[in-house]
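Following are the structures in question.
Both complexes below contain chain A, partnered by chain B and then by chain C.
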Partner chain A sequence: MVLQSSLKNCRQLSCILRTPKAGFRSTSGGLIIQSVSNDVYQNLAVEDWIHDHMNLENRQVLFLWRNSPAVVIGRHQNPWQECNFGLLRQKNIKLARRRSGGGTVYHDLGNINLTFFTTRKKYERMENLKLVVKALKALRPELDVCVTDRYDILLDRQYKISGTAAKLGRTTAYHHCTLLCNADKLVLSSVLKSPYKGLKSNATPSVPASVKNLFEEDPSLTCEVLLDAIAEEYATQHHIDHRITLINPADETVLPGIGNKTKELQTWEWVYGKTPKFSVSTCFNMAYKDSVLDVKVDMDVKHGRIEACNVHLPEHWLPPALCSELVKSLTGSKFCPKETTTLATALLRVCPQDDELHSRWNLLCENMIMLM
Partner chain B sequence: ARKFTDKHEWISVENGIGTVGISNFAQEALGDIVYCSLPEVGTKLNKHDEFGALESVKAASELYCPFSGEVTEINAALADNPGLVNKSCYQDGWLIKMTAELDDLMNEDAYEKYIKSIED
Partner chain C sequence: VCIHRVRSCSSIRFIKSKYVCVFDKSALKFSHQQRLFRTSAVSCGQIVQFKLSDIGEGITEVTVKEWYIKEGDSVSQFDSICEVQSDKASVTITSRYDGIIRKLHYNLDEIAYVGKPLVDIEIDASKGVAPEEDVVETPPMSHEEHTHQEIKGHKTLATPAVRRLAMENNIKLSEVVGTGKDNRILKEDILNYLAKQTGAILPPSPKAEIIPPLPKSETVPAAPKDKERKIPVSVSRPIVFSGKDKTEPISGFHKAMVKTMSAALKIPHFGYCDEVDLTQLVQLREELKPVAQIRGVKLSFMPFFIKAASLGLLQYPILNASLDESCQNVTYKASHNIGVAMDTEQGLIVPNVKNVQVCSVFEIASELNRLQSLGSAGQLGTNDLTGGTFTLSNIGTIGGTYTKPVILPPEVAIGALGKIQVLPRFNGKGEVFKAQIMNVSWSADHRIIDGATMARFSNLWKSYLENPASMLLDLK
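Presenting the complex of A and B:
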């Protein structure tokens, strides 16, 4: 059912996407597209593009996509509250902020994403989720899957297999959801656990849930099988062609301007800078030689940058002038380990070559960086 | 006097400063608001620019600027109490204030008629 088509008919596809009235009768009323990319930023950019450029008056679109490992946070969330950055870096997992609301999810190739595009008026999440459940039940009638009033899909009334988020624009709307087929649950639960303490923020929080893969219930339920079943059900309900059109999110001729959208989603300003204002107020112990020191740190972070900062150390453990220089340098800089390392190193260069001082300084800065 | 846009925002101008909020129709349609994302004071906006977003249990919904001007104040109370927009959309739940250059917006009667026409 997957049609390896239309990429040679690029012009035709862009015609469909931009001016739906231009022929192609078999897809009038609806269109099913699938991304050939597994890059989370490219795929989120496709959503933006469709949202901004497509006329959905007489048609609806279903977009199918999968990503290589990534953590995706909701528009108004605080990534420090939602995931473990150290682990993300270690495992080379990307971090993305989407434009819809909702909570944080982990994506890998064992998870499928479905985006239902409609006009604002026809926006209806429950209907979409019921479509997914219908598709699943058509595949395996004995599957115990249902939709909750939080718009989650549960397996065996217990395990979350799908979460939902949505965006309402001027005239168009989209509802997207995940579906766990065969994702790495161990990685999922470890990266979605924040180690950061003392964070206070009014960012939208996630609601943790126990998850399960459909694959665990029935090993024949692969991503491909599920994608096909959902596309089939969508096509049936919308009385459209059962064909899936492949789309390349890097193709500017089909999606003019998509490159810029992709870039924007990757900027520090969007991923971290969009974090709602938050404060960090925490204490930690540093073991140094034979003693243990208590350090208290208070920071206000706005747009991802440290607005105000206070570090309380035992008196004279470090030269007070150096400490106040640290606070001064941190103020206005990004709440970011790389940036903090850079300014800490720079400050150390103007200090006397004292091994004791250097090792104390490095210890403090390492601990500060761990907060970020 | 309050004027309305077809995107369900209202504006009330006093001494050249316009206070902007969303209508009762809008807050009802959105459901419980859990987060208000508003611009910085001093931001210059053009008519139809996206100036922020409201996240409700329903979705993240963009806010569009009803006219051109500069943001002079934002409602700080919404940071800790975003539900004010639902409870008091015309008073305590105002969103931003900006220098106003009003043009063809709807008055209350025209807006009521507009809601009825789209509800069909």
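Presenting the complex of A and C:
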């Protein structure tokens, strides 16, 4: 994203974002910052950093950010229930898990993210959303936008243009929301449709909604225009400097420790391992030569790893010893196509060498991997 | 004469702070540290019910989504206890006390109520209930010296255990950068601070005098007193290492390796190594690289190695065979599916190029490109990873010369290639020239392969590579 420096004023960030050890400076009231990065993990890490290290006693912060294509699931969600992994891989769309609750969203550069940081006591989502609506109306008074009691913002009373989520810590809290300016709706709908069947879990489900871009309503509403309007409104309401400070999420000198936070958000343990316990119970058909076989698979997955596994095949289609070896190997392994492939192919090395057996085995394994 | 150096306390750091308070004089005179905290009437080992505090926005119920602790765990103040969710908000509940968790009032996914007990914590009464406010930091300096007592107006967050550690090491908490939540000072921060300490920050005490050793030319007799002074007293810096062992279940990749390599153990391996002069091949590849590039394929050395191996296998098919479990039958495989060991982020995988015997060098290169991109993306299918009959491992791209590769069952041979080095060699005329030398290390199953076969195969393979034009004669 190209930032027009004439619109933004860069300021020395180090004097503002220093840890409270030095006490707070005279920028009381608030701060508006915007990320120069489009990397979802880096931007989420900035949220973590501010939440953990910044003293918000007497001020509030508004953080503006945009991401290159990514699917972001809520803290307690199950990614297998929320999106189509095959499509994600194909289109090179990243998958991230945020620390706030709520449902799954699709981000791309046509979507703006706004994070409102306050102390825990001053946590107030409605106020923030009303601020956004006010900013939109100030831009285009004829826009029909309103806030629902589910903390969504609707356009024309039908289309969702913004979803909300929040994270509360001991002393600080943040509320973030999206705003659809000009996102790719086709990709959005296809990628947020899960093809996985037979999943049972207590993970937070997402509530699908019809969406619309503000751009469709009025082509002059670009991301830049909207960002400026919201920043302006925020500055006015909190009586602070309306200048936006740019922040680089890769800068360790300004944000010490941010590198580690970014890395943590990308680990398998965080993205997949934090999925609440779930079970997979599904049947599928395999076409082999002239026959069609029914296969039933049951798996319990905890912390992203297969706790228990059962595969029911027509008798003697594959040597039972091999099947039980497969089940044994899978137990304790990650619910992950890469690991399953590796294990399955390794097992094939130590069984009788028979082309027929190999092709049956490969067929079964390919199908099992599709479940992941 | 010995030089006496005492660091005066007043030169030691003077913290600028907006909030400066001075202890009353009596505190300064005390030689032991004092700590002030609010105490409450708590008896020994009392169980306190920690209630779920207000979430805000009038919320009364939340769902417990994750427990960070279990019954019996000990917690410190501000440690995370659990994660609860309410209407799109995820809340981290932290402990108010130090103690031991005695009871969790809710299971996962149950609804918890604001104001009702969340966990029961047994508090160690001797510590008292450390309140969240008004914890005054301990004066770190000892007695005689005059020092400024500076107390920050806002909290220096640290648990009593951390404060004790700081106190024992004469560290002022205000000087330590806290890396915990809300800038809380953790034990690691104290240890890091200690590690960075230099001699300049030592508290003045007799033990810390640094006396330079007397020069040897000193003729003063070494009286006991002088001896004492001669020996420089080293700065006693506590040696701290805060690393911890970490145990975790092995990854799927490692599990696969365990299976494969355990099976490989059953194979009696023998090794055969040689060096190959790739001078001509290097030149050939340089010429062919752009041609392949135009066709959209990246050409490395591997396609040549693979094709040469296949040509060799045509002459020595036993190297492309498989021995059955009972060692009764040998199966000579018709297809040359040559595996290529690949190092990915997760670990070792070995996809294979199918039917090399009917592929051109270019086709092999193209297939390798495909396998490599799938491999790095972690998207290799079972078909690409099974059915191999012979393997080559180009460890030389990372480094090394000679290795001892392990055969991948059900195969009977494997070759590992070292790095290409420029070395001096003699040519036919006895002149020294610059040669591009690569070492190859073969391993074979000695139950059905003998040394002579391996040697002859290796020589043939080597001859194809040393004189690429000869490959033309035998290419199918």
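Following the convention adopted for this analysis, the second predicted complex is superposed on the first by the 351 of 372 C-alpha atoms of A that agree within 3 Å, B and C clash if a C-alpha of one lies under 4 Å from a C-alpha of the other, contacts with A are read in each partner's own complex, and residues count from 1 in each chain.
Criterion: a contact is a pair of C-beta atoms (placed from the backbone, for glycine too) under 8 Å apart; a residue touches a chain by one contact, two chains touch by 3 or more.
Worth saying up front: this structure is predicted, and the values here are computed from it rather than measured.
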Fill in: Clash or fit, chain B versus chain C on superposed chain A
clash
Worksheet item: What is the contact status of A:Gly101 with respect to chain B (first) and chain C (second): first, second, both, or neither?
Response: both
Discussion item. If we overlay the two complexes on their shared chain A, which of chain B and chain C does A:Ala166 touch? Say first, second, both or neither.
Written reply: both
Discussion item. For A:Gly257 in the superposed arrangement: first (chain B), second (chain C), both or neither?
Written reply: second
Discussion item. By the touch definition at the top of the document, which applies to A:Thr204: first (chain B), second (chain C), both, or neither?
Written reply: both
Worksheet item: First (chain B), second (chain C), both or neither: which does A:Lys338 touch?
Response: second
Practice prompt. Could you look at A:Leu347 and tell me whether it touches chain B, chain C, both or neither (first, second, both, neither)?
Written response: second
Discussion item. After superposing on the shared chain, does chain C or chain B touch more chain A residues?
Written reply: C
Worksheet item: In the superposed arrangement, which partner chain does A:Arg75 touch: chain B (first), chain C (second), both, or neither?
Response: both
Worksheet, complete the sentence: Overlap of chain B and chain C contacts on chain A, residues 74-76, 99-102, 123, 165-170, 173, 175, 202, 204, 276-277
Discussion item. Residue numbers of chain A touching chain B in their complex, please.
Written reply: 74-76, 99-102, 123, 165-170, 173, 175, 202-204, 276-277
Worksheet item: Within the complex, which stretch of chain A touches chain C?
Response: 19-21, 23, 52-53, 55, 74-76, 89, 99-103, 120-121, 123-125, 151, 164-173, 175, 202, 204, 257, 274, 276-277, 305, 329, 332-334, 336-350, 352-353, 358, 361-362, 365-366, 369
Worksheet entry | In the complex, chain C residues that touch chain A | 17-18, 55-57, 65-66, 78, 83, 85-92, 94, 108-109, 154, 174, 177-179, 181-183, 249, 251-253, 255-257, 259-260, 263, 322, 324-325, 331, 346-347, 349, 377-383, 385-387, 408-410
Fill in: Of all residues in chain B, those that touch chain A in their complex
7, 34-35, 37, 53, 55-56, 58-62, 64, 79-80
